[in-house]
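Please read through the structure below; I'll follow up with questions.
Labels for the chains are A, B, C, D, E and F, by order of writing; each one numbers its residues from 1.
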Amino acid sequence: MNGLSGLERAEVLTQALPYIRYYNGRVIVVKYGGNAMVNEELRQQVMEDIVLLRLIGVKVILVHGGGPEISDIMNRLGKKPEFVDGLRVTDKETASIVQMVLAGKVNKELVSMIEKKGGTAIGISGIDGRLIVAKMKDERLGFVGDVTKVNIKPVNDLIESGYIPVICTVGTDKEGNVYNINGDTAAAYIAGALNAESMILMTDVKGVMRDMNDKTSLIPELSVEEAEKLKKDGIIAGGMIPKVDCCVKALELGVKNVVIMDGTVSHSILTELLTDDGAGTLIRKA
Amino acid sequence: MNGLSGLERAEVLTQALPYIRYYNGRVIVVKYGGNAMVNEELRQQVMEDIVLLRLIGVKVILVHGGGPEISDIMNRLGKKPEFVDGLRVTDKETASIVQMVLAGKVNKELVSMIEKKGGTAIGISGIDGRLIVAKMKDERLGFVGDVTKVNIKPVNDLIESGYIPVICTVGTDKEGNVYNINGDTAAAYIAGALNAESMILMTDVKGVMRDMNDKTSLIPELSVEEAEKLKKDGIIAGGMIPKVDCCVKALELGVKNVVIMDGTVSHSILTELLTDDGAGTLIRKA
Amino acid sequence: MNGLSGLERAEVLTQALPYIRYYNGRVIVVKYGGNAMVNEELRQQVMEDIVLLRLIGVKVILVHGGGPEISDIMNRLGKKPEFVDGLRVTDKETASIVQMVLAGKVNKELVSMIEKKGGTAIGISGIDGRLIVAKMKDERLGFVGDVTKVNIKPVNDLIESGYIPVICTVGTDKEGNVYNINGDTAAAYIAGALNAESMILMTDVKGVMRDMNDKTSLIPELSVEEAEKLKKDGIIAGGMIPKVDCCVKALELGVKNVVIMDGTVSHSILTELLTDDGAGTLIRKA
Amino acid sequence: MNGLSGLERAEVLTQALPYIRYYNGRVIVVKYGGNAMVNEELRQQVMEDIVLLRLIGVKVILVHGGGPEISDIMNRLGKKPEFVDGLRVTDKETASIVQMVLAGKVNKELVSMIEKKGGTAIGISGIDGRLIVAKMKDERLGFVGDVTKVNIKPVNDLIESGYIPVICTVGTDKEGNVYNINGDTAAAYIAGALNAESMILMTDVKGVMRDMNDKTSLIPELSVEEAEKLKKDGIIAGGMIPKVDCCVKALELGVKNVVIMDGTVSHSILTELLTDDGAGTLIRKA
Amino acid sequence: MNGLSGLERAEVLTQALPYIRYYNGRVIVVKYGGNAMVNEELRQQVMEDIVLLRLIGVKVILVHGGGPEISDIMNRLGKKPEFVDGLRVTDKETASIVQMVLAGKVNKELVSMIEKKGGTAIGISGIDGRLIVAKMKDERLGFVGDVTKVNIKPVNDLIESGYIPVICTVGTDKEGNVYNINGDTAAAYIAGALNAESMILMTDVKGVMRDMNDKTSLIPELSVEEAEKLKKDGIIAGGMIPKVDCCVKALELGVKNVVIMDGTVSHSILTELLTDDGAGTLIRKA
Amino acid sequence: MNGLSGLERAEVLTQALPYIRYYNGRVIVVKYGGNAMVNEELRQQVMEDIVLLRLIGVKVILVHGGGPEISDIMNRLGKKPEFVDGLRVTDKETASIVQMVLAGKVNKELVSMIEKKGGTAIGISGIDGRLIVAKMKDERLGFVGDVTKVNIKPVNDLIESGYIPVICTVGTDKEGNVYNINGDTAAAYIAGALNAESMILMTDVKGVMRDMNDKTSLIPELSVEEAEKLKKDGIIAGGMIPKVDCCVKALELGVKNVVIMDGTVSHSILTELLTDDGAGTLIRKA
C-alpha cells in the first residue's frame, strides 16, 4: 500500500464517490462491544472509520457495551461475576459497577480515541436525559433490564450540534434504579427511534454462515423470511440466534437494514459501506 | 413548617419574586464535591435547589469532584492513594480510576438524582468535546493537570438544548492522556468561559470567618482587595487560601461574583440566591 | 410570616417544585375583572402572581374587563348606564367609551402594575391585529357583540417575544364597529385558540358551592356532566349559571380545565397552582 | 381621475418604481397628531398612505398625539385644561385622562382605520414594554415628561412580526407614574432608536416658508446649518421653532432625514415619497 | 399622462391598494416568450411590471422561451431549423444550440433588464439543480422532451433568498441529455409545484375570443368546463387549443387560476392584476 | 488499481482523514478554463474531484472561462476573433457571443457533468444578482472589463442552500453592458470576497518551474516575496507572469493560499488537497 501514488489514492477516493453520495446525510448506528472490542489496534481503526463517516456527512452514532472490562473490574473489586443463561446476574452493587465501568471507563476511552482521530464526540449513558427507560426483566437476574422506552431527544440534540454521540447501554427507571441492558437490543431501539438507514452489529464472526467451519460460506444478504427459515433449518444457531433476532427487531422498529459484521477485521465498516466489496451479512425486511 | 397554609406558601413564593426576576436568564456555576457531598439527604437538597433554579430560568451548571469515592474505589482495587502537598499523586492507572469513578459513578448518580427531582440533565467529563484541555502540572505528581484551555461549546450546546450540564473535572490533551484536575479551578475556568453571573463553591465551612471558632464571625461580602489583605493578616489561612485564590481567579476570568458556601447546610443555594438571608461569603472584584 | 428563616423559605420553594415543573411551558389564561378587581391591594397581588408564573416559565395571558370603571366614566361624562338582562345597552357612543376606558385606562393600569412587579407586558384590545371579531348579538342591545372569530396570532407573537399579553375584550367587525364583549366568553375563545392548560375565572365568590351560605360547601372539582346535573338540581343557579356555561364552552373549545376562583382572596392563583391547597372549583371535561 | 384607463394607472405605478425600490426595507416614522389630525377624510387618506407603504415593504411606524380629543374629554369630565407656555399642566388626574384618551380612544381608532384599509396594526403606548421612560420636566407642570430612555424592543418585535406599530406618547417611570410626553420629541427618540431613514412630521402648515403669507415661498430642503441660520434671521419663528429643533434632535439621534409636511393636504406622504413632486420641507444633517 | 400631479399619482397608488394587498405574499408565474417577446420596448415594460410585483411582495417567477432567437442563431450557424407538427426537430446539436441561446442569450438579457429596472434576478435553466427532468417525447423529433418531474427546490431557494428567478425551459435526464421543452408546459409544471396563485401566459392575442376578427368578443373569464365546451364548438381552435390545454393542465397541477394575456400590449400584467380593468381571459377550475 | 481490495481502499480513505478533516467547512475556489479544459475525460475527473470535495464538506466554487469555445462559435457565426496583447477585442456583438457561449454552453455543460457525478450545481454568470460589476479597461479593446466590485451574496446564498456554484466570468455595469472578464482575475476577486482557504488555478503547465524544460524543477511552494524575486530574475516569465500576479492579487484580497496546478493531469485537485503528494506550486503571503 505504501507504494500508492497520490494519483492512485485520488482515484480510490473518487471511486468511493457513489457510496459517499448515498450515505451523505443518513443515520447509521454502529453497535460495538464485547468480544469485537478486544484488540486495541482494531478499536482505533473502528474509530477512524466512524470519524471518516461523520466527516463525509453520515450521522453516525456509536453504541457500545464492555462485558470483559466489567468482569475485570468486578474481579478486582472482589465481586465474583455470575451468569444465568448467558446473562449477568446483576445485584444493586453490580449494576453500580456496570454503570461505572461502561459510563466512566469504556465510554470515555472511546470518546478520547474518536477525538484523537479528529472527530468530536460526546459520551452519554442511558441515564442521561432519561435516554433508555427500562424495567426488570426477571427478578432472579436482578437489575437486568428490558427497554420500555427510548427518549431519543438527547441523541438528536447531540447530532444536530455536530457531535458523534457515544452511548453506553445502562438504563434507568422512575425510581432511579440502574439497569444493565443488552447492548444489541438497546442499539436496535435507538436505531429504530432514529429511523436509521443502517444498524451495524460488530461481532467476532464474519456474519451468517452456511457452515461455521467454511469461511467461504458467508451469506451476504438475507430477508427476514429467509432468516427465519435458516433458524428453523438449524443453520442459524447458538449465539447467532439472539443476534439475528435483534436484527429482526431493529427492522420492525423502523431501521432500513442491518448488517452483522466482523469487528475483528480491519476497516470492515468502510469496506462494507464505501467499496464494492461487502462485509458481513446484510438483513433486510423483504 | 407543615403548618403553613397555601396562602402563606404563596406569599413566600411572591416574596422571592425580585430574586427570581434577577437571576432569570443568568448563568450560575455550582461547584459541588468532596467533603460537602458526603451526606445523601443534603445531596438530594442540593439537586432540588438546582432543578428549581433551572425551572425559574437560571442557566445552572453543576461541576463536581468526588475525592472520597475515588479513594474508596482505589482502596478496593488495591491501589493505595498517595498525596503530596494535598494533591493526589496520579500515575496512569490512577488517572484511569479517577476518570472511571468521576465520569461513571459520581456523575451518573448526580444526573440520576436531578432527574428524579424533575430536571433533565446530561453528564459529561472534560474529555467529551475536548471541554477541558490540560497539561501536566508537575512531573512528580504524574497526571495532575493544569487547565490550558476550555472549549465551552459543549456546555453551551447542552444549555441551549434545555439540559442541566453536569461536569466532572478530568481533563485531556492532544495525546489523549487523562488528567486529574482540581475541581474548584476547573469550575472557575468554566464559569469564566460562560461569563457566569455567579460561581458557587460548596464546601464544608460556612465561608470566610474572622475567627474559625466563632460561627458569628462570618464575613458576608469581600472585595478582592480586602481578601488579599485578610490573607496577609493571616485571617484567611490554611485550606481557605486556595479556595479564595480560586475565587479571585474566577473573577479575573470574567465571573461577576463568587460565593463560598457551606454545602452541609440545607438548601444553602436557594437561601443565598432567593431570600433576604445570605449564606456564606460573597467575593466580588471591587 | 415575618418569622420565617431563609431556610424555611427555601423549603417552601422546593416544595413547590413539582407544581412549577408541571406548569413550566404551559399556557394559562387568567380572566380578571369586574367585581373581583375592585380592591387595589388584591389587584397588586394578582399581578404579582402573574409575574411569578411568567418567570417560572408559564405562558400566562391576562384577559380583563372593567365594568365599574366604565360606569364611573360614563356617569362623569353624563351618560347614564342602562342594562337589559344584566347586559349593558351599548349605543355607538357607549361602545366608544367602553373602548376608551378598557383599552386606555384599565388595560394600561394593569400593564403598569405588572411592570412595577418586574414583568414585561404589552396591552392590546380585541381591535389590535383584529384579535376579536364580533357581530351584533341583539339589535336592542346595540353594540354588544358575539365572538365570531379569534385571530390568535398577535397573542402568540407577544408570548413568543417574551411579553405578558394583557387583553381587553372589545371586539370589532369588517366595518370597524366596536363591540362590547363579555369578558368571560372572550377569555374562553382566546384560551381555546391557545389550547390553554387552564383558564382561571377570577370572580367574587369562592367557586361552585352546594350551599351559598355555607363556605365549607365548596365543590373542589366537577366534570361537565356533573355540572349539568347541578344546574338541573338548582344548586348551580343565578349568576353562577353563565359562569359555568362559559367554562363548559371553554372546555369545548379545547381548554384542558377551567377554575372558578375567588379573586378577592389573597394570592388565590398561586395557592391553586403551586400548593397542595386548591382554591375554587375546577371544571374538567370528564 | 375617474377617466384613467387601466394602462394609464399601470404606467403611474411603474413610474413610482424607483421610489418604491428606494424605500423598500427602510424604516419611516410618521408623527401624526394635533391639528393635522382633525379632518376625518384626511385621516383616512393618511392611513391609506401608511398601509400602502407597509405593503411595498416600508417598515412604517405611526406615532400620534391627540391634543384636541384630550381637551374635549377633559371638558366633558368637568376638568378645565390649563396651559403654561403652551404646555398642558398635568396633575395626576389629567395624566390619567391623557393616557385614557390617547391609548384608549385615539390609538384604537387609528388602529381600526388602518385595518379597514387592509393593514394589520397593533397599538401600544409608551407604558407597554416600558417603551418610553420619562422624568418630570418641571414641577409646576406636573406630569409633563422628558424622555430619558427608549426601550425600542417592543417596536422592533411588532415590526418583525409584520404589524404596523401605532404608538401614543405617554411615558412612565420606575414608580409607575404616567407622563404626558410631547409627541414630536417622542417620535424623534423612537425614530432615532430605529435608525430610521425618515421621520415625517405631519403638521398643519406646508413646511418651512420664507414668508408665511406666500405659499410659494416653501423651502423644499434645508441642512441643519441653514436651519440654524434661518432661526437667527427670524425666518423660522414662533411654533416652527420647536418643530425644527425637534427635527435637529432627531438627526442627532441617528435619523437620516426629517420632513415637515402638511397633514391637511391629501396624500402628502405618498406624494413626498413616491412621486417627483415633493411635499413640505426636508431637513438633513449637512 | 405627463400632466398628472403628485396628488393624482398618489391617488392612483392608493386605488391599487386592495389589489396590492391581495397579491402580497402570493406566487405568480409569468410565462413570456416567442412572439410576445419580439418588441424591445414592450419587453422592458414586462420587466418593469415584474420588478414592481416583486417590490410589492409578490413572489414572481419568470419562465421564458425564445424560439425566434434560436432559429436566428441556428441559421447563422448554418443549421436549418426544421419543424414537424409545429415542433422543432431537435437533433443533439440543435439541443445544444437551444440550450446555448436560451440559457446564455435570452435568459441573461432578461436578467440584465430586470436588474436595470431595479430588481435582483438570478437566471437558471432546467438543467441547474435538475429543475426540469424530461424524457424523449417522440423519437422522430429527437431531443424534444416531456416533463417527467420538477425539482422545485432551486426555485424556492432563490425566492427565499429574495431573487426573481428567471427560468429557461430546457430539461435534462439522468444521462445528462438536454431536451427542448415546450415553455408553456414547463411553466405549468413549475407553477403547479409552487401552488401558484396565478400563471400568466403572455401570447400575441388578446385572449380567448368568440370571434377572432372581433376584438370586442374577448371572453374575460372561463371555467374548465366552459373551455371544453368552446373547444367542442370550434370557438377555441387552432393555436389556442394547446394554450387552453396547458392552462387546464396547470389548474390540475394545483395552480389557482390561469390568465391568457396579450403580451404585445403595454403593461398588461399590471393592468390585469392591479386595476379594475382586466386583461385577457382568466381560466379557473370551476 | 483494479487489483485493490476493499480493505486496501478503506485504508486509502482513512489515510485521507487528516486532510478531509482539515478542509471540512472551508471555502475553495477552483478556476478552470481555457487550455486546461480541452480534454473531455479530464474535465469529467475535475468534476468528480469537485463533487467529492463538496460531499466531504468543502464549500467549493467553480469559476470557469471558455476561450476556445468562444472562438469556435464566433468563427461559425462568421465573426473573426481578433486579439490585442493577448486580449480579445470585444465589440458589442462579440460581448453578446461571449456571454451566450460561456453562460449558455460551457456553464451548463459543467453543471450537467457535476450533476451526472452526483453533485447539485447551479450555474450563474457575473450578470446574475450583479455578481461581477465591471468597467471598460481600454476603449480600443471594447467590452473587455476590469472588475470594480463583487456582490458576493448570490454565491453565499447558493452555498448555504447546498449547491455547488458554477460561475462564468462575464461582468456587467449599471447600463447593462456586458463585459468579457479575465477568468483568473474574476476568480481572485470572488475568492477574496469569500475569504477562501484556497484558490486553485488550473492551467496547462505543472506550476512555477525553475526550468521550463525540466519537469523536475517544479517549485512546490513560494512566498509572495520569493515570487517577486523570481520575476526579476526572469525565471517567472511569459504567460506565467499574469498568472502569478493574479495569485498575488488574490492573496491581497484575503485568500489564504493559491495553487497553480496542471489541469491536464488526472485528479490533480484531490492529489493536492487530500494526499501527501502535492501538485503544482502553492503561493502564500509570507
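Just so we're on the same page, a contact is a pair of C-beta atoms (placed from the backbone, for glycine too) under 8 Å apart; a residue touches a chain by one contact, two chains touch by 3 or more.
Since the structure is predicted, the reported quantities are computational estimates derived from the model, not experimental observations.
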Within the chain touch network, how many edges lie on the shortest path between subunit A and subunit C?
2
Check every other chain and keep only those touching both subunit B and subunit C; list them.
none
Shared interface numbers for subunit C and subunit D above half of all numbers used, same, or below, different?
same
With centres defined as the mean of C-alpha atoms, identify the chain lying farthest from subunit B.
E
Note: subunit F sits from subunit E at a C-alpha centroid distance in Å of 35
Separation of the C-alpha centres, subunit A versus subunit F, in whole Å, is 44
Which whole number of Å gives the spacing of the CA centres of subunit B and subunit E?
67
Once you find the CA centre of subunit B and the CA centre of subunit D, what distance in Å lies between them?
55
Specify, in ascending order, the residues of subunit D that touch 2 or more different other chains.
none
Based on the touch definition given at the start, go ahead and assign the chain network to line, ring, star, complete or other.
ring
Which subunit E residues qualify as touching subunit F in the complex?
73, 76-78, 96, 99-105, 107-108, 111-113, 115-116, 120-125, 127-130, 153-154, 157-158, 161, 163, 170, 172, 174-176, 178
What does subunit D use to touch subunit E in their complex?
1, 4-18, 20-21, 24, 45, 48-49, 51-52, 55-57, 117-118, 265-267, 270-271, 274-279
